[in-house]
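Below is one structure. I have some questions about it.
Lettered A, B, C and D in written order, each chain numbered from 1.
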Amino acid sequence: METLRDWNEECAVVGVYNADTAASVAYYSLFSMQHRGQEASGISSSTGEKLITIKDRGLVTAVFGDDKLKKLKGRSAVGHNRYSTAGEDSILDAQPVFARYDLGEIAIVHNGNLTNAKQIREDLIQKGAIFQSFMDTENLIHLIAKSQKEKLIDRIIDAVHKIEGAYSLIFLSRKKMFAIRDPHGFRPLSLGRIKNSDGSFGYMVASETCAFDLVGAEYIRDVEPGEMLVFEAEGEPRSYKIFEKQPRPCIFEFVYFARPDSRVFGHNVYEVRKNMGQELAREKPIEADMVIPVPDSGVAAAIGYARESGIPFELGIVRNHYVGRTFIEPTQQSRELKVKLKLNPIKELIQGKRLIVIDDSIVRGTTSRQIVRILRAAGAKEVHMKISSPPTISPCYYGVDTPDKSQLICANMTLEETCRFIEADSLSFLSLEGLRRSIQCDERELFCQACFDGKYIV
Amino acid sequence: METLRDWNEECAVVGVYNADTAASVAYYSLFSMQHRGQEASGISSSTGEKLITIKDRGLVTAVFGDDKLKKLKGRSAVGHNRYSTAGEDSILDAQPVFARYDLGEIAIVHNGNLTNAKQIREDLIQKGAIFQSFMDTENLIHLIAKSQKEKLIDRIIDAVHKIEGAYSLIFLSRKKMFAIRDPHGFRPLSLGRIKNSDGSFGYMVASETCAFDLVGAEYIRDVEPGEMLVFEAEGEPRSYKIFEKQPRPCIFEFVYFARPDSRVFGHNVYEVRKNMGQELAREKPIEADMVIPVPDSGVAAAIGYARESGIPFELGIVRNHYVGRTFIEPTQQSRELKVKLKLNPIKELIQGKRLIVIDDSIVRGTTSRQIVRILRAAGAKEVHMKISSPPTISPCYYGVDTPDKSQLICANMTLEETCRFIEADSLSFLSLEGLRRSIQCDERELFCQACFDGKYIV
Amino acid sequence: METLRDWNEECAVVGVYNADTAASVAYYSLFSMQHRGQEASGISSSTGEKLITIKDRGLVTAVFGDDKLKKLKGRSAVGHNRYSTAGEDSILDAQPVFARYDLGEIAIVHNGNLTNAKQIREDLIQKGAIFQSFMDTENLIHLIAKSQKEKLIDRIIDAVHKIEGAYSLIFLSRKKMFAIRDPHGFRPLSLGRIKNSDGSFGYMVASETCAFDLVGAEYIRDVEPGEMLVFEAEGEPRSYKIFEKQPRPCIFEFVYFARPDSRVFGHNVYEVRKNMGQELAREKPIEADMVIPVPDSGVAAAIGYARESGIPFELGIVRNHYVGRTFIEPTQQSRELKVKLKLNPIKELIQGKRLIVIDDSIVRGTTSRQIVRILRAAGAKEVHMKISSPPTISPCYYGVDTPDKSQLICANMTLEETCRFIEADSLSFLSLEGLRRSIQCDERELFCQACFDGKYIV
Amino acid sequence: METLRDWNEECAVVGVYNADTAASVAYYSLFSMQHRGQEASGISSSTGEKLITIKDRGLVTAVFGDDKLKKLKGRSAVGHNRYSTAGEDSILDAQPVFARYDLGEIAIVHNGNLTNAKQIREDLIQKGAIFQSFMDTENLIHLIAKSQKEKLIDRIIDAVHKIEGAYSLIFLSRKKMFAIRDPHGFRPLSLGRIKNSDGSFGYMVASETCAFDLVGAEYIRDVEPGEMLVFEAEGEPRSYKIFEKQPRPCIFEFVYFARPDSRVFGHNVYEVRKNMGQELAREKPIEADMVIPVPDSGVAAAIGYARESGIPFELGIVRNHYVGRTFIEPTQQSRELKVKLKLNPIKELIQGKRLIVIDDSIVRGTTSRQIVRILRAAGAKEVHMKISSPPTISPCYYGVDTPDKSQLICANMTLEETCRFIEADSLSFLSLEGLRRSIQCDERELFCQACFDGKYIV
């Protein structure tokens, strides 16, 4: 539930190299990944001679209205969707970050969060650097500019060895493009290729594979954790393994962030979510008349739960998609009305019925409570809230916008207390093991699941 | 599929009487019925002394941005969402239509289409009337103004006896409100009540009951075909049966127009659509691996089909809801890309699979063909298109924006030819009887089904 | 002083017939007459087959941004700039008023005010007419539509014989154009011609001749009071004298409304204003160090005063032209700041000096007082306010937006009291005879000077 | 003639310290200096704890619409209006430039041009600095950040000793403000004080003194060439003479840039311009019927010319002030129409007359030619163009946007050729000595007059 969410992905990135209409490919890719950030959008393209950057607040379709896309000439481009973070300081922050430095011009896009950004920034500042924005991304350019290495590639390697945290980074210079996934591979990044009109292939990297589908690109593989891809001249990108660490991709991508039609960390998101529902049905069975999802994120898990349990699946709550950023609230309205603007149950369907309601997660608990209330007001006899992930008990430091631990209801209340707070008849969560099983991954495959177990890798 | 649709509802109406914040109630109601018209929006309110009207092009949230809602003072209001119709002539057309006339001031909103509008207009023009817009609604005000009757109520009755066609009309004068459904009750109109802060009740009428849910109103009943409700002072509206004809509500409301959480003509839309899917499964069974809907309109029928057939339901196509009115198309793109912007299949799910695809209707056939192509490109082994309504073979003259008969594929091709055109492995439609059965209505209950059988009542 | 003015012209009109790019000519004409109305703007053009109308709130450059002008095809057009009048009722009012009626389609623009509009409207309403706006112009269309005459020309003559007041009217039908100045010719209207690319001539009428200059048209003559011009096919317009009354053009056009480069009622405005200053110098001499105008309207009279008196002319007050409609006022500011935003004296010039300040008129007196205060604060030793017109003691009913008599300072205070109120060292006005002399007109030439002498003709 | 100008000032700056509503004072100041830059506008304020910056493209009233000014809390602020310079690269460039660095936070505004910016930038880049914009201002922050000095004041002194060119700079830190005029004092900068509500004084510096007038500040004195003012805590700013060079203020400020109500380099601009006209009359007398200015910039000189020559002054050309940035040009129009949109002569006044036309300068000659043509078309018998400054033969490198030498007509043609090009009957310029005399300055007072004599100081 978008604007009501308390747990939000920060950003999407895309890079396009040697493609017929690079900026246009970047534009459509950002459009398909709009769910990962609606605050600001931007694209830098390279003509081979210079970089051109256009970025602004707003949805990608708003930022690139009129004829702006035409100004972004060239056969390579990087783009970014930004998720809103708090604070009036950040009014002007948008990516790509562009800079001129001793090797020429560079543009960077970044999806993630650098955990040692503050130390690096202070260190750089002590050495005379200036910071003109509040984005971690600025660190990278400074590190590259200050590196003693001669070639850009070596400087980038230098720079990323100084930073820690989660990052999918794409660097665009006048002639080349570099894509890096952090050592643990927290955030997703995939490689695809796109056919040019002359039969040659262009290449692209994007946070989610749904971007490939829209622009007609072919998914090749994921960029590996710790891998750097170098795009240069024509032909396939060269691969460098610049880190050798245990991969720990973010398990929450499966739970909520990614689009169900994306392939994330090698697994289709829809299938994983459906499995989560099935596991949940096995772990936490209950008698009921129907299984209904909180749309849109709970749909796949609800289908899985219904299938496993044999209890009918119903799309019992209808979502209004006309709620946008400009929604005005003429009268002082309760939070309940805010939920109502988005979600409306089908009364005739649920009246007198025992409902299993599937949602992806519980953060503060207030939205869940309102959903329960709306369902009861519509006549539900019983409301059993089932969450297709474990209780979220720890904030994320790897690029996800989350509240403090003090505001995470499951970190501060027992299951019974939480159930009482959200006013449900029962409440249950999928176990961490169940979640892992849903991914059907290899035993040895590890994930970052710090939000569920509090164990931070970096 | 909203902007790709070839068969579109025209408009939503709402009327609010004796309510604490009438304009605000109208505003939220229009917001919940935004799916019935995105071109223009407007509200007139009455202070008791005078009417105030604000209307403009754009979504309801855009038209009433800033502080405009505050200007709409008073305890009664009428509102309208308008569906875009062709032609540059209509640039300024938006409702409510407001006029001063011999009895004072009046504002009218209208959902539907008057089949004798042209004759009436020409007749009125011959008698000296002037028409300042291209909306049928202007006829009504002229007829009322020219009526020889003394009281407004009698003039309204006079006026509506001169018009033919489909209309849900709401009239707002300075002190009263009148709501009328046409003799055949083509378009839906429901009555609800809303509790004021002092414990008294206000009343409202709206095209769809989902409006009641959002504003916390209670559904009382449908306005009957041929019924006029008069809202005056406090207390319940008085009812007048001003026509005695065979009701013929529009069966297509169940097929596509209405929101699934609305109760239309006494039946919940979601339940009817699910039934349509079940009937379709009984009438047109086929072996397949999964049932997938074209989202969002095909979802309920697909759930029904899956349940009846035992074939698994899967949400195999993901819809991007960020496509808005301002979407720009930087490169000349194929119609295929346009469909892709909205719909993306889940490759991993459908690869090598035999699909039953449920859509609500086929109009020109081009969109269906693109959907089939996208599914095949994603690896579907077989694509069986199943439509949860009969072939649409005749245009609508009762307030729905439809193409000419010459453009309706099913009016011009056999089933086989149509199947070949859309490139599906098979194609089948629900029978008209099956559709009727889905509504689970009384034998004697009749519908307007002219779009399916070409039999026009008026 | 535009937005501070208390006495405002209502509207400008233009009509173009048989010209290569009629809508474009209308557009530039409206642009050159923007000073007569900044609230709303609109143009109707005729393709010969139908009329097309675009109108909206805002300056003419804003209303016709984008490609809207291209939609206004055809070789004839009428246009209008509207001055803001009070009241939220008028939100949607803009001209041209367009209507379909028994003879086809018609668009009307109107500059002026109908003094019997209310009676006519009530009469029309009693006969069944409806009014959809709050503009007097709607009356005209009703009168034409209801006329028993067969031809449009006879109907128009019929209609204008029913109305009283001030009006410059232009009617556009699909094939013809009609321009009428009221019997007394209160408001200005001139005829010009414009050369087409094929060597033929198109014709145009406009409120001010400055419109001709911008579009390269040649001024032919004024439309006479009581004259109707009929534009039909190619060739010169035919003239009909439809009223025989004493002309009484508005003398205030010379005082303030018209642009100095316009020729109004046969006299160049700049020359008349300069004469006003000279007359004022003769009538009300005083010793002083310099003559300074309140810009921009007082400049010509100040030049005249200086020339006659031999006292140096100085542009002692600088006007800021960046004040627009959207000016925001972040802090609650005094009226003094509002004047300061527009006007700033040149301190070094006026310090210790005795100033003669020339303004065109005094309405409420508050703006004059602020100007005096600003000048004193800048060091002026003496401030002698001299007004290049007589005291305004009566409101206008002929199309000018004026305050009530109770708010006209000169209608309620003696000269001495007014001088004290505005805090000037002395105050004097040009006499009515002096004003007449300035126009250098024939003895028998009469003007409407009701605002100065309270004698209303109609 | 604003948008037709070929010789344009770059930017206005303002700094406010210890004032009640600092951002509001900065806002009004920028509004009064809007003529120095219409492309972009911005303000940074300091709360004492942190800096807040808002900047965007557009006029100051547009950038700070809504409630944005309220976000700029604190008692000190710096602001900037930016003149449009060429190039799509600069899309995002606007000032103040904000940065965090080792001493905290800083915001800088800059009016002028650094002649060694490129070398410094390259040098800084070689040392690892990155540049995120195309503004010279970024250099300053780097130099300050990299300075080895401990205190900000010493670093600023360090930094400005490294740069050359024209600069009026204002630095805002969290607690202090620093204002510097370059060693030669090319661009103007004045000091004023403003009374707070508690009786204490706040201080401000601004490019032009007209800013003081609007906000009710008192002019104290000019900031001296090579002087740095340090604003710290309460009380008067401390003054440091950090350069000892020959002052060379820009003489063109008198010719065109500054508002006539400003005091520039100790001289009132209006008086100087009037003197220029008088000198011109003495140097280049000619017989004629009237003296008319090209408005608005030629008015004061024309008054002076008329007074000295005894030939009557007339405001013979009327300027339309509604031409804004959004002016659309629906038909492909000649440059002549573009001039016409702004300037219209008073035909009746000039017909058959011998005109002396006073303009401030001639750059390319094309605008002058169009003015001559318009005047002749309006019936002028003779057009004698007199320029109140010497021929401009060299471009400016000190912060003024000028064309290449190859495009300066006077650098490439003789006086006779130029006269023939602009189609005037005669053409004459004020001598450089005459210009100097007009300023009535001390013999030893020197100016930068490189645009007239090609002698560059730096």
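Operating definition for what follows: a contact is a pair of C-beta atoms (placed from the backbone, for glycine too) under 8 Å apart; a residue touches a chain by one contact, two chains touch by 3 or more.
Worth saying up front: this structure is predicted, and the values here are computed from it rather than measured.
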{"item": "For chain A and chain D, chains touching each", "value": "none"}
{"item": "Chain whose Cα centroid lies at the greatest distance from that of chain B", "value": "D"}
{"item": "Chain B and chain C, separation of their C-alpha mean positions in angstrom", "value": "48"}
{"item": "Computed distance of Cα centres, chain B from chain A, in Å", "value": "36"}
{"item": "Centroid spacing, where centroids are CA-atom means, of chain A and chain C in whole angstrom", "value": "60"}
{"item": "Residues of chain C engaged with two or more neighbouring chains", "value": "none"}
{"item": "Which pairs of chains touch, using the document's own definition", "value": "A-B, A-D, B-C, C-D"}
{"item": "Chain A-touching residues of chain B, taken from the complex the two chains share", "value": "21, 24, 27-28, 31-32, 34-35, 59, 61-62, 64-66, 69-70, 210, 213-214, 259-261, 263, 268, 270-271, 299-300, 303, 307, 312-315, 318, 320-322, 324, 326-328, 330-331, 340-341, 344-349, 378"}
{"item": "Partner chain B, residues of chain C touching it in the complex", "value": "50, 52-55, 71, 88-89, 91-92, 97-102, 121, 125-126, 128-132, 141-142, 145-146"}
